[in-house]
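You will see two complexes here that share subunit A, one where it goes with subunit B and one where it goes with subunit C.
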Partner chain A sequence: MNLTAHARQRLYIFALVAPAFVVLFGVVVYPFFYNVIISLSNMSLRHIKDWEIIGFGQYVKVFTEPSQPNFYMVFLKTIIWTVVNVVFHVVIGVFLALVLNQKEIRGKGLWRAILVLPWAVPQLIVALTWRGMFNYEYGAINLMLTQWLGVQGVQWLRQPLEAFLAVIITNVWLGFPFMMVIALGALQSIPHDLYEAADIDGASWFHKLRHITIPLIQPVMVPAITLGTIWTFNNLNIVWLVSNAGEPGDQTHLLVSFVYKAAFNFYRYGYGAALSMIIFFILLAFSLSFMRRSNVTQNVYS
Partner chain B sequence: MVRGKSATTVRLIASYAVLVLFSIIALYPVLQILNISLRPADRLLSTSLELIPANATWDNYVKLFTERPFFTWLANSTFVAVVVTLTGVALASTTGYAFSRYSFVGKKVGMLSLLVTQMFPATMLLLPMYIMLVNLHLINTYLGIMITYSATALPFCIWQMKGYYDTIPVSVEEAGRIDGASQLQIFTRIILPLAAPALVITALFSFMSAWTEYVVAAQILQDTDLWTLPLGLKSFESNMGSEWGLYGAASVMVSIPVVILFLSLSRWLVSGLTLGSVKG
Partner chain C sequence: MRSPRTLRMLSAVAAMVLLFAAVTNWSGCRQDDGRIRITLWHQDRIDIRIILQRQLDRFMKLHPEVRVEELFKETEELRSGFIIAAIAGQGPEIVYGPSDQVGPFEVMNIILPLEDIFEKEWIDQFDPRGCTWYKGHLYQVADKLGNHLTMVYNKKLVPVPPATEVELIEIAKRITADLNGDGKTDRYGITWNYTEPFFFIPFMTGYGGWIMDSAGTPTLENRGTVDGLKFIKQLRDVHKVIPNEADYNVADVLFKDGNAGMIINGDWSWAGYLNAGLDIGVAPLPRITTTGLWCEPMVSPKGFSINANVSDEKRKWVIELIRFLMTPENQLESARELFTMPTHKAVQAGEFVQSNEILRNSRIQIEHGRTMPVVPELRAIWDAMRPSYQAVLAGTKTAEAAAREMQQMALRRIKEMNE
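Let's look at the complex of A and B:
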């Protein structure tokens, strides 16, 4: 009797989990290991059927190939991209959440709906529309610069630095609402009596921010920031579409667009697979160290 | 007292100023899309900053609906997005529940691998999957693209559902058990309705990612008859050429359902996302 109940229980769990595991095995686990094999091979458009295992040659190539741009430049750019984006997302997002969360503010729902728009519009459309807005002659950005500020227009999309800046501006715009929504949720969960107690003690606004608000939203923000960092590091859409596949002259690449181009425009499958693995390990190392360090800040309530 | 009041007034004025400023920043590119879609053919490229173009016209929409295969793309996109969403919700709601409530062999490894997949660069699965699809002759098929979309969406969906189930007290289930409900009944009649916010969020994310995805679709769907909306939309863009107005109209049509869904569900978004990440 007891045994059958136990067996039934096992069967039930199995039935719940099995379908997803089968699917995940087919679409995640198997391709992952296949990617490992490709990364150790010479597979390319020329060697699509007659490929063979060549060892770590592709990995060595990633680090040593004198391509223009090379791996280190793209990596550096990716780090700058990630840090700048995440900092702006968090600062703007938390700031707007704090403003919006004040009890005197009227029409909260409406403000929030407007401010969340950049997240709601599909990334493809965001990217292509901003690309249009950065157009030298007809783009809204340059028109504003010349007509309102009387400044010379900027060649946004034809110079490496400006193009990189254009990509960053687009991504900052679309990314702050995520952090704002998360921060709003976190702020709403802070018990009101904490602030009332602080008020009785005569705490200043800044004091309350530093000693109540920030520590208490941290447990929610840290996982969101980790996720945001990973998403930003790996965001292919914006850089690919705003810079039109890395223009000018492949100068505007992040690691993820660089590897996409190698794999799908230059058909360098082995190289692309190896570079994918390297990007993955970079992110894995980052996430592990970040989460380990932030564990200290967990459980503030208890 | 008086000083406190005026300080509050200043703070409020500053707050509204901030909200107005950021609202303009958030709205402007969106209005720009509307503006492009309403431009007459002879003013596609204009150096005017007016919000509604002079001689605004619906021509681009008419042309999009009558002269371009917009409705074919719409049907294609809807089909792909609905299948991906249903698969995602069905698999994530059951698996997430098992991860939340039971212990079984491989649970810890499973949870960790789900998280780890979020660190894969886009090409990590796309490249091997692409070669697999070529070998299986699934390039240019919906099956091919739906498999690929599930791969990207499913891990996050499971993680999200698991996080939400964790917030539902076990006592709820015990109460059901005392009333004589079976395990399956407890799951379908008690837990799933309670998890409605997370189900909605999971569905929204799956739907949106499939509905708006371009980069993967561009590799897998090469036949124009099979194109989804994003592929059609991108074909109009080509560096602000003669179809820039069509691009605007198509963008508006693609965005409207997503934005409406997003805004109407944004109340649930907060609870779904934050709970998921806190208890994750």
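Let's look at the complex of A and C:
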């Protein structure tokens, strides 16, 4: 077979890319479009093999079904969950990174290792440990509250609001190390000349933070925040394990645990697929808008 | 002659193809060593798994041409994973678990009827309660019977177990104590997992209630539900003999640490308590004096079903393996080490089961139990019961309102499931 040099090169490139493309197609593209089709179908317990396309009926059900809790309530809780978590992750993470970035701090490696621990422990262990700590009578949180602060113990896992707070506290503890590591990396890449020049100009600590540190860590932090938002929005493990699948009374569900329950506990595959498509579009809209508004793709030094 | 570049390209493509073949397991149903591979999914905890592996090793020694792989999955993961795999024409050849998974598997047509696979004489060797028939077909044969709750008591604290709810309260009050004088209760009379409605069933049945009628329609708004819920509230708020809050782990640890005299727990827990060095007794759950009814837990077999996609080549080995795991020797081995109730009639009538105190009482409890329905709607009923049950314990709902809402929610959930 006589191939031109150009054709051979293209074939070679194709051969290198093909496996990645096959895997990507198998684990992302095909499941995505299959999910789109299922979301337009009546696939469920009674129609698992003889399912058929029924149009947008499942999407309508998501928005109109009088379930308890309904879509809007769960969506609102998911937004609160995401915003509160990401804000705390970023604030605590950046604060600790700023502290660790100080020259005066000794044993930085050790501190960094200790602070990264929550991230290093498997989520399952973290979630179940925190669940034990939130027990009304025997949990460490209430023991501290009653013995050290002399206040009444909180029914963390039995009341809806307290249970929701409990899962948020767990996830804040679990999530800040990621932001801290990212922020620390970004801080260490800022040239010292800029701070020296600012010192000569008599800039205060706050001015340096506002006009040097924050703008220069922004290109790194924005993608991290975007990722953190998507991960937090879609975090099934913590809610599922700490609140024992949405307890009390399905009041601590996020959209993702709501989908899981519909699809895998009640075999409502069409409904679950439609709800997951809605989650996808919510996150897509958020990511595009956030990236555009934060000008993350622009060169910060330009 | 090909150029080095072309050769390089061809070798890269060949390497990719080989990699793809390895990843996608093109070797088919046979392993590289030429043996037939059979996979069994189960949800057994580690001590049961050790016995299972021992039995599988013996089977493979008898049949060197077969390799059996057991794979543990959590109950929910096993159920959903098997459904997804079987619908796609894949999945393990054998799925092992409690009988309530038979309902959804049958509706989805992903397990085989067994009455034509195993001869009647073989099936007749087993306790009929260990053979799960649904819609006229046999879908599961069980090696263990029960999966049932009983009263487990610490003999140091409770020399004689309660026979009625009145005795239960008396004994529990005697045990409940503030041992260090700090004004807080350190030891409770009795405990159990409050978060799961499965543990509420004995109270419901003791007061005359049941979850569904013979047509599968929920019957949760009944006197038994209301009085059962009120009784539990009384235990906690009036008699103060149970902890304020307990899920499975908390209840288990309280009992293991000697901080609870009794626990309502299932046959899966007994071996663990004995291994932890506790001097335990197992007794049937008490009778309610006002109704004259026993507190009846749900009873269900745990057994084997065959994937509808099983290939002809593997089918005979799958059957052979199930026959092997159901033999009296293997059932007796599990009964001796785990105190599970065998389904083989000869083993049930054998000396060990008849003479062992735990198994004797377990058998009485099974007699005072209600068979767990296998219909898929049971899932909706559990889910409908859970929020209201928990709300009553949290003090945010009355027992009457809880029973009403359980019923309404169960009907709605079933409608959604069956859409």
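Keep this in mind: the second predicted complex is superposed on the first by the 297 of 302 C-alpha atoms of A that agree within 3 Å, B and C clash if a C-alpha of one lies under 4 Å from a C-alpha of the other, contacts with A are read in each partner's own complex, and residues count from 1 in each chain.
We adopt the following convention: contacts are C-beta pairs under 8 Å (C-beta built on N, C-alpha and C of every residue); 3 or more make two chains touch, one makes a residue touch a chain.
If you're wondering where the values come from, they're calculated on a predicted model, not measured in any experiment.
Q: State whether subunit B and subunit C clash or fit side by side on subunit A once the two structures are superposed.
A: clash
Q: Just subunit B (first), just subunit C (second), both, or neither: which does A:Leu16 touch?
A: Touch partners of A:Leu16: subunit B and subunit C.
Q: Which partner chains sit in contact with A:Asn135 here, subunit B, subunit C, both or neither? Use first/second/both/neither.
A: It touches subunit B and subunit C both.
Q: Once the two complexes are aligned on chain A, which partner has more residues of subunit A within touching range, subunit B or subunit C?
A: Looking at subunit A, the partner in contact with more of its residues is B.
Q: For A:Phe264, is the partner it touches subunit B (first), subunit C (second), both, or none of the two (neither)?
A: Touch status of A:Phe264: both partners.
Q: Looking at the overlay, does A:Gln155 come into contact with subunit B only (first), subunit C only (second), both, or neither?
A: So A:Gln155 only meets subunit C here.
Q: Taking the superposition as given, does A:Met144 touch the first partner, subunit B, the second, subunit C, both, or neither?
A: The first partner, subunit B, only.
Q: State whether A:Gln102 touches subunit B only (first), subunit C only (second), both chains, or neither.
A: First partner only, subunit B.
Q: Looking at the overlay, does A:Ser44 come into contact with subunit B only (first), subunit C only (second), both, or neither?
A: After superposing on A, A:Ser44 lies in contact with subunit C but is clear of subunit B.
Q: Is A:Val239 in contact with subunit B, with subunit C, with both, or with neither (first, second, both, neither)?
A: It touches nothing on subunit B or subunit C.
Q: Of the stretches 20-28, 74-82, 146-154 or 380-388, which one in subunit C hits subunit B?
A: 74-82
Q: Does any part of subunit A touch subunit B in one structure and subunit C in the other, and if so which residues?
A: Common interface on subunit A, subunit B vs subunit C: 12, 16, 19, 128, 131-132, 135, 137-138, 244, 264.
Q: Where on subunit C is subunit A touching in the complex?
A: The touching residues are 5-6, 8-9, 12-13, 16, 19-20, 76, 80, 83, 87, 104, 107-109, 184, 195, 243-245, 247, 249-250, 376, 379-380, 383, 386-388, 390-391, 393-394, 396, 409, 412-413, 416-419.
Q: Under the stated contact criterion, what part of subunit A meets subunit C in this complex?
A: Residues 3, 8, 11-12, 15-16, 18-19, 22, 42, 44-46, 48-49, 65, 67-68, 128, 131-132, 135-138, 155, 157-159, 244, 247-251, 264-268, 271 of subunit A touch subunit C in their complex.
Q: Provide the residue numbers of subunit B that touch subunit A in the complex, in ascending order.
A: Listed in rising order, the residues are 8, 11-12, 15-16, 18-19, 22-23, 25-30, 32-33, 36, 45-49, 87, 90-92, 94-95, 97-99, 102, 104, 110, 113, 116-132, 147-148, 150-151, 154-155, 158, 183-184, 208, 211-215, 219, 230, 233-234, 237, 239-240, 244, 247, 251, 254-255, 258-259, 262-263, 266, 269-271, 273-274, 277-278, 280.
Q: What residues of subunit A sit close enough to touch subunit B in their complex?
A: Answer in residue numbers: 9-10, 12-13, 16-17, 19-21, 23-24, 26-29, 31-32, 34-35, 38, 43, 92, 95-96, 99-100, 102, 104-105, 111-126, 128-133, 135, 137-138, 140, 143-144, 147, 173, 177, 181-182, 184-186, 188-189, 219-220, 223-224, 227, 230-231, 234, 236-237, 240-241, 244, 255-256, 259-260, 263-264, 269, 272-273, 275-277, 279-280, 283-284, 287.
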